[in-house]
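Below are structures written as structure tokens.
One chain, chain A, appears in both complexes that follow, with chain B as partner in the first and chain C in the second.
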Partner chain A sequence: MHYTAAWQQLHWSDATYVLMASVRTLQLSFTAVLLGTLLGIPLGLARALSPVMRVLTAPLVDVVRSVPMIIQLIIFDTCLSISGWPLSAFQLGTLALGAWMAMVTAEIVRGAYEAVTPSLRRAARSLGMSSWQELRVVSLPLTLRGGFPAWVGAALCLVKDSALVGIFGYIELTKAGQILNARTHRTFLVLGGIGATYFFICHVITFCTRRIERRMAE
Partner chain B sequence: MSDYHFHWAMALRDLPALLQGSLVTLQLTILSMVIGVAVSVPLAVMRWQGSGIWSAVAGGWVDIARNTPVLLQVYAVYFGLGAYGLNVSSYMATLLAISFNNIGYLIEVFRGGLASVPRYQYISGRALGMSATQAYAWIVWPQLLRIVFYSVMTQMVWAMLNTSLGLLIGLRELAGAAQQAQSVNYRTLETFTMAAVLYYLMAKLLILGAERLYTRLYGRR
Partner chain C sequence: MIEIRNVRKSFGETTILDGISLDVHQGELLCLIGGSGSGKSTLLQCINGLEPIQGGEIHVDGVDIRSKSVSINHLRRKIGMVFQQYEAFPHLTALENVALAPRVVARVPRRQALEDAHRHLAHVGLGDKAASYPRNLSGGQQQRLAIARALAMEPRYMLFDEVTSALDPELVAEVLDTMRTLKREGMTMVVVTHDMDFVRESADRVAFLSKGTICEIGSVQQVMLDPQTDIVRKFLSRRSSS
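Up next, the complex of A and B:
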């Protein structure tokens, strides 16, 4: 009986596959960044404004930063299975990466808030603004503008970290690369192509955010 | 979570294996940092001085290492080299991949440091009759070290966290040891929580050591 090897060469349709996988990477990253930012900004402000909150949330920030992402994902995954909530790999990734993003955003926001000149704040108060008005009209916009570059850095970091969610069954770029590699055995070509795709994504994000930064500085 | 019973005693039996794994993690961290600093310093100098092929190499290295996931870099070394018949062990593959990543980040760190040491320091050194290497080694380098100290230490903690990816190519460092242990004792949550605590302690240990070293070298910040 004639036997043919099960692997096939790369095909043009694989390009569509990689494209879809990159869309899935972007989807996951976008949701996680959105979740993390929405949680992180109030958390960061709370950390900046109240010493009690700072002490209470300090361990969280500390732990998220000094435990590897893969261990965090495994622990999240195990906790979810124990609690009996059937969550998809996408939801797991969103939660775990989002939690990381929230902590990092909180630190960025706190740093940027503390960098706002105190005299500016006092000036706002002496103009008769309430503390809420001062925060909303003066401090918060300056904080967001000051923290923006670091926030972009964190988001780029998250795009790269989203590769780890592939291990839990979410087919994103890296996982797609592994699948293609298993079929075609063209390791360098496939992994190089996947690397180039990440490279492209990161550079596009950097390019767009640079423009936003310039717009904000004006 | 209500009907889950923790069995710490069962997981604690694997603590020695995890501790052994942490030693591998620490070893990998330190080796990858030594390689990282040794390669990135000359490249950073080349890049800082501007043109030339080595400057381009450094620039490309920075771009690739910082814009692709570490996981992909680990896979590229382990499976990529394997595809060309260079079968590296998972230890070597992790070491090479993390070093590659470290070099990319450290070039930028050292370049930033070089830019903040005033240029005339180097020029005065040359004017006093030092060679370029001497001027770097005796004048620029000591000042640079103080400026970049904390960035390098942050990178070291990052490198330590990144070594956990060795788990995925079958290395028995801390994460790999935890994976191995939990496949035998079935206490996944407990085992990985222990691993997380160990990672946390190691990160704290590295930072504490770095702070003490800084105080010894330069006094209080």
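Up next, the complex of A and C:
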């Protein structure tokens, strides 16, 4: 008997495929980070300002932050399917990753808010500012500035965790790598390349945010 | 005029102010002295409502600070305050620090607020530091910035809470000079301080607090040179020997 290998060599056209997959990783990550940040900032402030809110939202924050992303994705997926409201893999990923980002952002915001000293707030109030005015022009800018480095760290984490959404059929970078690997069996080259692409994406994000950090510190 | 009548203040079980009555007259510089824990800083914070009081009354220009009809925020615009730890806004330049409250609270247009801020910075000798951030200023400069920031709201009264206590000795003079300038200009000031030289030379009246009550109050002559109670005599002799 004569067998031919089912696999084919890598082609240059595969680079385009990887590039497209990178864009999809970025699309998913960007949407989830945006959603999570927009929800997380008010949630964090509410938790910092109101003891009642802190107690009420504590279970949610703790669960979402400590249960592994893969389990959360499966639970989200199952619940949504059962409820007759199935989402695309992109929507599912945005929702689960966004929820995680929101909870992490909320805790970063709470911590950064609490790092602004009460005496500084007092000084603002002594000038006649209402508590809202004080929040808007003193505490909030300082909170966002203080929490920014930790927020970047969370966003980078999310870019890597977005790989898990591939399991649900969203062809992002890692999933594309698996597909290429299955076809070519060039495991080391393909996964090495995919890993390097993640590194490149995160490096660019870090580089840009360092510049922003430096400008804020001036 | 600030009228303080029988003010009581406590944190839980601990009584901080135990029936303080005091008037601050227009244009005078009143110094509050006394040991630590005597309640002088707390009294200052009560005057502009930063600390709520549990009893008694405080009237500023005839208005009860606890009155429901007048917002405390509106009242605070009349009363500038300077703190021991400067409390400059770290994310803003010196100029923006001074212009912030007029813009946000008094709704002065941006250009006008910045123009006024330049004037107030020049007034405290920081005309060339407008673009500097607080962390690039010395303690004395930050404290003068805090004074300029309070002056920007054009207050009728200024409260000073141990404003030179955190400063290196060589930086104290510039802050005291700024305060003397304000006094010359007729600002009404209440000054909590441990600097007895400043009290002797600048105060119109002195009040000595101990355990939340006023032990003695009167002119510098009366309180500093001819104290009537043992506790003030002891306090002053300890201060002069150190």
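What to note about this one:
Heads up, the rule we're going with is that the second predicted complex is superposed on the first by the 214 of 218 C-alpha atoms of A that agree within 3 Å, B and C clash if a C-alpha of one lies under 4 Å from a C-alpha of the other, contacts with A are read in each partner's own complex, and residues count from 1 in each chain.
We adopt the following convention: contacts are C-beta pairs under 8 Å (C-beta built on N, C-alpha and C of every residue); 3 or more make two chains touch, one makes a residue touch a chain.
Values in this document were obtained by computation on a predicted structure and should not be read as measured data.
In the superposition on chain A, contact is made by A:S119 with chain C only, not with chain B. In the superposition on chain A, no contact is made by A:A46 with either chain B or chain C. Greater residue coverage of chain A by touch, when chain B is weighed against chain C, goes to B.
When the two complexes are overlaid on their common chain A, residue A:L140 makes contact with neither chain B nor chain C.
Once chain A of one complex is fitted onto chain A of the other, the partner contacts of A:V63 are limited to chain B, with no touch recorded for chain C.
In the superposition on chain A, no contact is made by A:L80 with either chain B or chain C.
Of the two partner chains, chain C is the only one touched by A:L127; chain B is not.
Look at A:F188: by the touch rule set out above, it reaches chain B but stays clear of chain C.
With both structures placed on the common chain, the touch criterion links A:V18 to neither chain B nor chain C. In the superposed model, A:I179 lies in contact with neither chain B nor chain C. Within the complex formed with chain A, the chain C residues making contact are 48, 50, 73-74, 76-77, 79-81, 83, 85, 87, 89-91, 100-101, 104-106, 133, 146, 149-150, 153. Across the complex, chain B is touched by residues 62-63, 65-72, 74-75, 78-79, 82-83, 156, 160-164, 166-167, 174, 177-178, 181, 185, 187-188, 191-192, 194-195, 198-199, 202-203 of chain A. Those residues of chain B that touch chain A in the shared complex are 1, 4, 63-64, 67-72, 75-76, 79-80, 82-84, 157, 161-162, 164-165, 167-168, 175, 178, 188-189, 192-193, 195-196, 199-200, 203-204. Here chain A touches chain C in the complex through residues 119-120, 122-130, 133, 136-138, 141-142, 145, 218, going by the rule given at the top.
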